[in-house]
Amino acid sequence: MTLLLDLILGLAVVGVAVWTLAVRENFPAVIGFVAYGLLLALVWVRLGAVDVALTEAALGAGATGVILLFAVVRLRGGRAEIDAATPGPRQRLAAGILCGVVGLALAVAVLSLPDPAPSQAAAVARHLPELGVANPITGVLMAYRGLDTLLEAVVLVFAVLAIWSMAPDRRWGAVPGPVFPVQSNGPLSLLARLLPPIGIVVGIYIAWVGADAPGGKFQGGTILAAMGILAWVAGLWRLPPVASRGLRWAVVAGPLAFIGVGLLGFVFADGFLSYPPAIAKPLILLIEAAMTLSVAAALVLMVAGPPEGRRA
Amino acid sequence: MEATPGGFLLVLILVAPVTGLLIGFAQGGRAAERIALWAAPLGVTMAMVLLAGVLHAQAPIVAFVGGWAPPLGLALRADGLAAAMLMTTAVIIAAITLFARADYTTLPGAPEARAPLAFWCFLLALWAALNAAFLGGDLFNLFVALEMLTFGALALACLDGRATQFKAELRYLLFALIGSVFYLLGTALLYGAYGTLDILLLSRTARSDAPTIVAASLMTVGLLGKMALFPLHLWLPAAHAGAPPAASALLSGLVVKASYVLLLRLWFWVMPAALLLAVAPILALLGAAAILFGSLVALRQARLKLLVAYSTVAQIGYLFLMFPLVAGSAAEVAERAWTGGALQAISHAFAKAAMFLAAGVIARGMGHDRIAGLHGAARVAPLSVLAFGLAGLSLMGIPPSGGFTAKWLLLQSALYAGQWWWALVIVAGGLLTGGYVFRVLSAAMRAPSPDFMPAAPVDARQERVALGLAIISVVLGLLPLAAFGLVLIGR
Amino acid sequence: MSTLLTLFSGIAIAAGVVFFLAGTVALLRFPDPLSRLHALTKADSLGLGLIVLGLLPWAGGWFAALKLILVWLLVLLAGATATQLIAERLRGEDPPP
Amino acid sequence: MIYGLVASALVALGLYGLVTQPALLRKVLAFNLLGGGVFLLFGVVAARGGDPVPQALVITGIVVAFAATALALVLVLRLFQITGAATIAEDETRR
């Protein structure tokens, strides 16, 4: 029964992927991609990885889908150029064979992975009490592999600045992204008024429970970002200009808090990013709170894009 | 391996530029510039202390982040190679900081502008990413470092905001992303097979089974794409030549070396010797092709910056000649080849950074970078032409430059190992390099036409920085060979 | 008691699935966008509501039950808004009949 | 494991799309399909060992992939705004 379910789900994912690649128009392709992401989230649930399922649904399908849609709306035409650049059947066959070989090699490699599978599960669980958290993923992300997470948070700052730096010089200092007209009534405006209070509670809740249950800063931050984007698109909230100090501190608060707590580890514990067991959980929650804010801010800015409006 | 004293230094050298970047970004362009100016001497000092520490201990310095030992936690390791690369990075970044002040300064009271903020932040960013890439002891952590590197390199290269550059950088991004994906696939398989991604732990357990072989192939192809080894070099010339000079110097001199060091770690640490023996000749063959192809194409370039970029394609090739010479050779020959390879990476970093900076100054002074029209360049920017020539000596491998020592070590070990054909490639590459360097120099030395006017005044300090880097690339060859025993520590 | 609950849940969820199926068939078979929207949202809202209803007894605590109901309400809200937006757009594009 | 095969198929498909689709937007889309396959491979590895570590790696990976996508799309849009080009095919106007 479950095998059948997995089989159907697997086939559906591959089917949607094929369709997304094959369909000629951009818009349905993006819709197909969002469906693909949601199906993948289901697969993650089937694999027992609810944290990843939440991340995939929120970031992989949701946020990625939004920026792809934004791009589709703004990229019009180019059909002739695209057709001219389409590779011929022989090139496509060569590419197909090459990709097939890669896929086949992967399949062989996966099927010949050793049994029983090596696992760090026991080690991860053994040290969780020292951290005061119950969600093993949070333990890995915040403690054992904290450096990965810190660098990843910095990557988000890189991305925001890199995106901004693509702007034309004359737009520097302006508001990021297009400015949407205020929708004083209509369904979008209603949604943008109704949903954010609920969404903000849900986002903070998901970030908060991350210590002990599936959830965390990236999932919660994405929900917060979605609320911000909704209010922005409905014209109810104006993004601060890129020159805004407050905005920039919001983007860097998470990684800075991470580094700050990490450096305190030199004084109070066994070195960088090491938490004294007595206050490990409050420290982790502190970092998570700052990171939630920064993730949300960075995501809104990444969706909005480089500054386009007039100088503020 | 246990954590060693001094591990905090590894953390500081990684965290300091990150913190500087974050605060600089938040506080704006002028703050970022000031932070970068302070970071340069601090960085060189930290790298020197670290290098002295490794030399003193004659063993790698190791830190376990958060006190969690691998396989659960992440290790940072500074062996001799890492210490040498960190030092190289710190010096070149400091030089570029000095060079770039003329282009990207924000005057007091002036509003923040786009390019200066982005430049100083991403200079710090690239520095942090390079440090992370040289120190990282975990294959996934290194993936994150490589991504940081890609983003930073991309942003710096696009700083001028020209459309042609966007196209070149998109091509770079596609190569880099496919490279990342291949690399990541490999790490997934390795984790599935061994339950760890720590380089040292893997080196003790790696087998020659199907998952390992597939992982090794995928990761190697991915990294070769990122470092533009022939025939995956297509993106490099336009991406590096079109960037602003300070960015080109970083990209060509340092960024490609991060993938190289990672490739060394993958093959000389992680993978079992039997696999390495099989793959080494293929890598060297590609390297040889890169040397010959890159040099020949460089010889035919009409533009100075593209010539320098194709020269990078060629010089990257030398880095791969060491693979078959280290693998399976007697210890003494292997040590020579290893030292030669590492020294080539270092001396090329200095020489290529000098060359790109000099080319940038020359292009600005002349108003263009067409080689045929460079007559009079030696009069407009004499020190830059001198820097170009000195750096060229190192690239050609003429004594007493660092490039000479590197290529001489490789050549010797090729002969000792009985693989004389690589020696032929080294000599041929040197001759071709001489050809394209002299082409530029002879054009630059020519007297200009009587009505010649420089397009813009050149900045004397920028010229001196380029010359300084070129001199370092030469002086490296005057150091006693024992000094390079450093890169053997922890091998 | 528990057999009765199981029966209740089974029927509610089965009914919900039927509504989903009907909505999907309508999406594929109906001729114009407006009638597709009409059928789809009705069927999905009710279908999800029935499934949530069927799951409530098994939620294991009032907090989880509340979350299930919240999910349904949010889907209702989002569905209604999206439908309105699509319909508005359609009306704006087509000439009035 | 079924999902190991699904992951391999997704990687092959995504790679094929990335290489053969000429439009930049579709290349970015294919890159994300490909990413889904790569992450799924980590998921299979995690499920085999009941191990949370690869799951944490995937969360990091998804965030990085999103950042890369956002950056790539901005580059694509800027290129389009300036030149009207929707591909990176070589054109003869350069140099």
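Think of it as A, B, C and D in the order they're written, each chain with its own count starting at 1.
Just so we're on the same page, contacts are C-beta pairs under 8 Å (C-beta built on N, C-alpha and C of every residue); 3 or more make two chains touch, one makes a residue touch a chain.
Because the structure is a prediction, the values reported are computed rather than measured.
J.: Can you check which chain pair, B-D or A-C, has more C-beta pairs in contact?
T.: Result of the comparison of B-D and A-C: B-D.
J.: Could you state the distance in Å from the CA-based centre of subunit A to that of subunit C?
T.: Chain centroid spacing, subunit A to subunit C, equals 27 Å.
J.: Rounded to the nearest whole Å, what is the centre-to-centre distance of subunit B and subunit C, using the mean of the C-alpha atoms as each centre?
T.: Distance between chain centres: 57 Å.
J.: Averaging over Cα atoms per chain, report the distance between subunit A and subunit D in Å.
T.: Distance between chain centres: 13 Å.
J.: Would you please write down the residue numbers of subunit C that are in contact with two or more other chains?
T.: In subunit C, nothing touches at least two other chains.
J.: In subunit D, what residues contact two or more other chains?
T.: Within subunit D, residues 11, 15, 35, 41, 44-45, 48-49, 51, 53, 57, 60, 64, 67-68, 71, 75-76, 78, 85 contact more than one other chain.
J.: What parts of subunit B, by residue number, touch at least two of the other chains?
T.: Subunit B, residues with two or more chain partners: 140, 144, 147, 151, 154, 158, 166, 185, 189, 192, 195.
J.: If I apply the definition of touch given earlier, which pairs of chains qualify?
T.: Those chain pairs satisfying the definition are A-B, A-C, A-D, B-D.
J.: Taking the complex as given, what residues does subunit D use to touch subunit A?
T.: 1-17, 19-23, 25-26, 28-30, 32-33, 35-36, 39-41, 43-53, 55-60, 62-71, 73-78, 80, 84-87, 89
J.: For subunit A, which residues are in contact with subunit B within the complex?
T.: Subunit A reaches subunit B through residues 102, 105-106, 108-110, 112-114, 117-120, 123-124, 127, 143-148, 150-152, 154-155, 157-159, 161-162, 164-169, 172-173, 243, 245, 248-249, 251-252, 255-256, 259, 262-263, 265-266, 269-275.
J.: With touch defined as at the start, can you tell me which subunit A residues reach subunit D in the complex?
T.: Result: residues 3, 6-7, 10, 13-14, 17-18, 20-21, 26, 29-30, 33, 36-37, 40, 43-44, 46-49, 51-52, 55-56, 59-60, 63-64, 67-68, 70-72, 74-75, 77-78, 81-87, 91-92, 95-96, 98-100, 102-104, 106-107, 110-111, 113, 116-121, 124, 136-137, 139-141, 144-145, 148-149, 152, 155-156, 158-159, 162-163, 166, 216, 218, 299, 302-303, 305-306 of subunit A touch subunit D.
J.: Across the complex, what residues on subunit A touch subunit C?
T.: 186-188, 190-191, 194-195, 198
J.: Which subunit B residues qualify as touching subunit D in the complex?
T.: 140, 144, 147, 150-151, 154, 158, 163-164, 166-167, 169-171, 173-174, 177-178, 180-181, 184-185, 187-189, 191-192, 195, 303
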